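I have placed the structure first, in the form of structure tokens, so that the comments after it can refer back to it.
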Amino acid sequence: MTRPGVRFSAVLWGLAGLVLLAVLWEGYKAVGPVTGVQFFGQSILPKTDDRSMPHLVDMVTRALQPVNSAVGSPPVWVSVIGAALNSLGVAAVGWVAGSVVGFLLALLMQRLRVAERAVLPWLILSQTVPLIALAPVIVAWGGKIQIGAFSWDRWMSVAVIASYLAFFPVAVGALRGLQSPDAIHLELMRTYNAGWFKTLLRLRLPASVPYLIPALRLGAASAIVGTVVAEVSTGYKGGIGRMIIEFAQSGTSDPAKAYAPIAGAVILGLVSAGLVALVGLALKRFNRQEAAS
Amino acid sequence: MVTTPVQTPATGAAHAASVAAISVRSAGKVFQVAKGAEVRALDDVSLTVAPGEFVSLIGPSGCGKSTLLRLIADLDEATSGEILVFGKTARQARIDQEYGIAFQSAGLLPWRSVQANIELPLELHGVGKTERSARAEELIELVGLTDFRSRFPDQLSGGMQQRVAIARSLAERPKLLLMDEPFGALDEMTRERMQQELVRICSETGAAVVFVTHSIPEAVFLSDRVVVMSPRPGRIVGIVDIDLGPGTQRSEGLRENSAFFEGVTAVREALHGSPAAPMGVELR
Amino acid sequence: MVTTPVQTPATGAAHAASVAAISVRSAGKVFQVAKGAEVRALDDVSLTVAPGEFVSLIGPSGCGKSTLLRLIADLDEATSGEILVFGKTARQARIDQEYGIAFQSAGLLPWRSVQANIELPLELHGVGKTERSARAEELIELVGLTDFRSRFPDQLSGGMQQRVAIARSLAERPKLLLMDEPFGALDEMTRERMQQELVRICSETGAAVVFVTHSIPEAVFLSDRVVVMSPRPGRIVGIVDIDLGPGTQRSEGLRENSAFFEGVTAVREALHGSPAAPMGVELR
Amino acid sequence: LSGCSSSSSTSTATSGNSGNPSVTGGALIPVKLQLQWFTQAQFAGYYAALDQGYFTDEGLDVSIIEGGTDIVPQTQLADGSVDYAVAWVPKALASREQGAGITDVAQIFQKSGTLQVSMAAKNIKTAADLKGKIVGNWGFGNEFEMFAGITKAGLNPATDVQLVQQAFDESGLLDGSIDAAQAETYNEYAQILETTNPATGKLYQPSDLNVIDWNTEGTAMLQDAIWANTDKLKNDTTYQDTTVKFLTAALKGWIYARDNPQKASDIVVAKGSQLGASHQLWQTNEVNKLIWPSSAGIGIVSDAAWKQTVGVAMSAKNLEGSTVITKAPDSDAYTNTYVQKALDALKSQGVDVTGSSFTPLTVTLTEGGK
Amino acid sequence: MRGPGVAERGNGHPEPAAGAAAGAGVPAGVSAAAVRGPGRGRALVRSVLPPLVLGVAFLLLWQLVVAVFDIKPYLLPSPTDIAGQVVAVFALLLSSMLATGLNALIGLVVGGVLAVLLALVASRLRVFDRMIVPLVAGLAVVPIVALAPILNTMFGSTSDTPRRVVVMIVVFAPIFINTLRGLRQVRPVHRDLMRAYAASSWQLTRTVTLPGAVPFIFTGLRIASSLAVISAIVAEYFGGLQNGLGSRITSAAANSAYPRAWAYVFGAIILGLVFYGVTLLLERFASRRRS
């Protein structure tokens, strides 16, 4: 079996999965009770009316119609793509910034045991801070920055928040990667009288690649999620997150509209993971397993 | 930093040469484990290895063979006694790259080709590209991997990997090779072939070798002297001189020869004379 | 399902007993690898093992030793020929639990204690709790691990783990033991002790054994017959009869005995007579 | 989904005829205005002023920045991100108490637009009827009028009603999971009326619903106002000047929306409002009702209304037990100085700034507000 | 303290419970008991002191900056302001933590069980596996913000269900992916062994596959645990009952009452750490017996 063949059939199976999901959706909508299913006062199955669960056809049709009643407004799907690209750009900046910070932190922690002990718990803690609490602070402080011709833009706040989520997996993954060389390799470097930097360059960095790639991929997904949340929290206009809540307003009168940007967000996540996979491809050489000898 | 380009040719027993390759005097090593407890891995060990000499260390698991080798390589520090390598302290010898080393697992960098792995020490010491690849070429030929130079470690069999590791340990033409069970992970057939090649390579390069092994036939086949150790604390309990003739002439046939069997029996007895090692009941 | 509670006592050479423990007739095995390509792992192999007999399989890497063992155990299916175990098809014999098996890696379940590991096959076959633990008790004693019954595998040395695996393979009192390099991962000292124990256990239980190994001395020390194989395609190139007396009396001393050395030399020659295996140059 | 940048409709620009002296060769002063919600006719006056070129006439280059859930306009204003902000008075007072230096310079809405809507069958006509009901609200500090009303009716908001935060739409009310939902006359109330009543097969009619109006319950608070930066108002004469100009143009925009509701609504729709044209017309009309007539002139802060707002803000407790503010705001909280100057300027142009003859339209809603 | 593992490590050495002991360093003959005793206290100090020092230094600096530059609370409240609010709203803080914590817990448990069960099915049924894996990849990147409004309409905003469903969805992907990897990790020797025992496929699952996957399940759970709390909080942001941390944070922030908002954020951090810590303890407990 050739690789393209494998990939093609994977896509087919993925589509089959989507069809399965669609059948489940419409099937439940057809047979489920309109008021949903309640169990001890908690609803456990959704309502099935058209506002709660629009028909798939309606979602698709709605996506093909204009976004709003302004003259010449583009179809929903076009706007969604535009918004998705916008978010992708911001997320990319956040991802790069977060990855750099995460990697530098990992280097610091690898170099100094004390730093690892002192910092790592706080890294974990940092991820339990709800973004919605951070957003106003970052926006407020960003607004204060004005250096010469440079002034802080709203999107930069979004990127900062995205990087706040993205740095974490990279820091943890890179640390593991940098610490991954076997004792035997480290001792070999010692017998060569190689210092920290040479060891880093020739051993730790290449050895960290297999850990780094998945970490970067995870970081990319986090950056997307962070961007989407931050767009809402900071009021940055033009991205997919903002679009989601803009559309959510018309939940009463136009329920099918809200699904297009959600699909857009999912595709955005998949695309970003795919882009990172390309980085992985470039570094494939370092992804070799040590032979089990 | 590449040291002395060409070796003084050394025959099997160059015991009397100027300065000893290794001179261990009353070396001891105590490991501090958890609060209070300590492990006496080596106790009052003295050993001299002449330039060009092939010495094997044998003994039950945990008797301190690896520890002794690591002290010589300055991967650990002795807690007592003195260790000189070519008349320098072990530390200085390491900094001056006086030895090459090979471990039980080949320890190749998986992302480097055979050639790049062999070039690693040269690269680290700033040897130029052309010189590096010329030297790698030589070594690849020496270990018989000419067709595999651009393969990656995971594309090689275990024996081939070990050969790369040996080539790498020879890259800077050390006058001393330290080897810790380099063939431990190989199957017996491959192992016997590798032994023969090692014997050949050592006679060609004239390097002194300290070779750690668990296998009596291996020790006997390879060595000029076999050092037998006993555990808890690790000590030398006997040294068996072997005389099977110069390395270049050792061949498969030797293994069915009576001098070989005698050597095997002598080492076996030296080993069993030592207080019987508990049969693997230690916790790990 | 526990089979026949007590074995017919078997001495070293019970060749003439009723039905053969194993009877392999012209067995062949071809593996389909990547599109089109195939590997002929075994070709026209015939072998009979008598009840209570200890047979070793030896040969260079890749000659099909494991494959042959796996065909007997019905872990793979032969592509040609016929394999009977106690007169039944291999499949039926597996379902009837006619054999016990042990591999190179002990393959213990890390989340089960020594005792629970030994009880595993009994548990799977619905043996009651008290019966199970009584049997485990016996076996733990047999392999000398009484004090370690509630330890977990990671708390044991390699040798101890192998002993647990052997105890497990004996749990259902099989008349046939299949062992694929069970001592391959052990150091030589431990290995020699384990060999002696295996010899003792086998004579006590009277089971027939097919034992795969790479080590000539091991094969000679353990076996009634050593089957020597050659690779590509895997064939039997010779069978060496060994006569070192009944297992119960084999001891360390034997290894320095001339009959032992003769056996070693005979197997070595049978091995080398076969077309020389390329020295580990196959790609993996 | 067009941007919110500068003027999009150059076609309708009627600039150049006012001959305002401050227009000096296109060197416009950049000004940012932060809204508190998405583009909709709630802000029709500002969009109209932009579209009609009133801001440029005053020498200002105004960008209107949309709001949204998490954006707190008064914070944006206080930290200097924007120059002016539209915000409800109680929330802005709360921010002031936390140190945000902002001042109400023009009170656009004179009345509260907040209702508590319920299905007629539930018979919820006064605050007292909310007892034991599931009561929706938006949170985010938009709920204080309701809390005050409930308290005033002798109920404890924390125990006597079950509070639920509403989503962005009114589906909770429509599917019956909420008994009484919060709605603005100009927005969410219309969204309900744009939905088909399954019982009748026609759109919901006002007669299908009951509303509690906080204006009549006496707990209404001041809503949309224009806020400016207190410090800059004190020390920065250019800003003071700009403020007057900004207010002049903005008020003119609102007057335009009063006199041309259909056009104002069209301007908002063209700006990319999420909800449709008839909905925006309804909204323009309802917002006009909250503004006009404005007896003292549009934008003047009425002392009485201010006092009621402050009183409610200091007394009504929410379900966390806290009040909006704990002490009376200082005298910087609002000023009529600038709006008065703007009104004077407008009056001198002969513009009607009180709208005493204002009569609302009757807008027919369509399904989905299309 | 080990960081939450990277959910997807593409390479083949995921060994989630890899011991920290370097190579052959562990001495023979020294009983494990000797390692405990007073040495433990010092180890605790060594692992607790550095982060504590860093944390205190950070708080002091924060306080100092706010005091020296006279930063207004709406821009950044000082730690003491926040602490003051924590005390002031303590009862409410606890009840909010409880409400949000319950949502997170229910979502985590239901989502986790579902993920393990579906992973089991996927490991057995190839067709299902191939269909669900791409879907889960999609699920893994769904932003919570996108789901919450829709789930609110689907399940009704007066119920806790939408939030719990959000948590379920968010925790599903990491647990599913890790579990599936664990289930596929069966060592060939164990598979051969079970075949030699003529064991049924259910027996294989029960005695080998599932126990072997436990460390992997925990890797997923560890990641999922703190995600559960964050997503429960964010989900509250889109309507529904106003009894949790999320709505308290946003409503305080909307009034510019940032010290109060941060007091609830503090509660959120504590809740997140509790979830993470408990999972870590469970993991310790479950993997005590493994190599």
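Observations on the structure shown:
Letters A, B, C, D and E name the chains as they come in the text, with residue numbers starting at 1 for each one.
Convention: a residue touches a chain if its C-beta (ideal position, glycine included) is under 8 Å from a C-beta of that chain, and two chains touch if they have at least 3 such contacts.
Computed from a predicted model, the values in this text were never measured in an experiment.
Considering the contact criterion stated above, the chains in touch with subunit B and with subunit E alike are A, C. Of all the chains, the one whose CA centre sits at the greatest distance from that of subunit B is D.
Averaging C-alpha coordinates per chain places the centre of subunit A 53 Å away from that of subunit C.
Between the CA-based centres of subunit D and subunit E the separation comes to 42 Å, rounded to the whole angstrom.
Look at where the CA atoms of subunit A average out and do the same for subunit E: the two points lie 17 Å apart. For the pair subunit B and subunit D, the distance between C-alpha centroids works out to 85 Å. Within subunit B, contacts with two or more other chains are made by residues 61, 154, 156, 158, 282-284. Multi-chain contact residues of subunit E (touching two or more other chains): 32, 74-75, 149, 153, 156, 159, 237-238, 250, 253, 258.
Listed for subunit D are residues 69-70, 72, 75, 79, 167-169, 171, 175, each touching two or more other chains. Residue ranges of subunit B in contact with subunit A, taken from their complex: 73, 75, 94-95, 97, 99, 101, 103, 105-111, 120-121, 123-125, 152-154, 156, 158, 161-162, 185. Remark: subunit A residues 182, 184-185, 187-194, 198, 202-203, 206-207, 209, 285-291, 293 touch subunit B in the complex. Within the complex formed with subunit C, the residues of subunit E that make contact are 32, 187, 189-190, 192-199, 203, 207-208, 211-212, 214, 289-291. Listed in rising order, the residues of subunit D touching subunit A in the complex are 1-4, 38, 65-72, 75-76, 79-81, 167-171, 174-175, 191-192, 194-195, 269-277, 367-370. Taken together, the subunit A residues at the contact with subunit E in this complex read 10, 13-14, 16-18, 20-21, 36, 41-44, 46-47, 51-53, 114, 117-125, 127-133, 136-137, 140-141, 169, 171-173, 175-176, 182-184, 210-211, 213-215, 217-218, 221, 224-225, 228-229, 232, 241, 244-245, 248, 251, 255, 258-259, 261-262, 265-266, 268-270, 272-273, 280, 287, 289.
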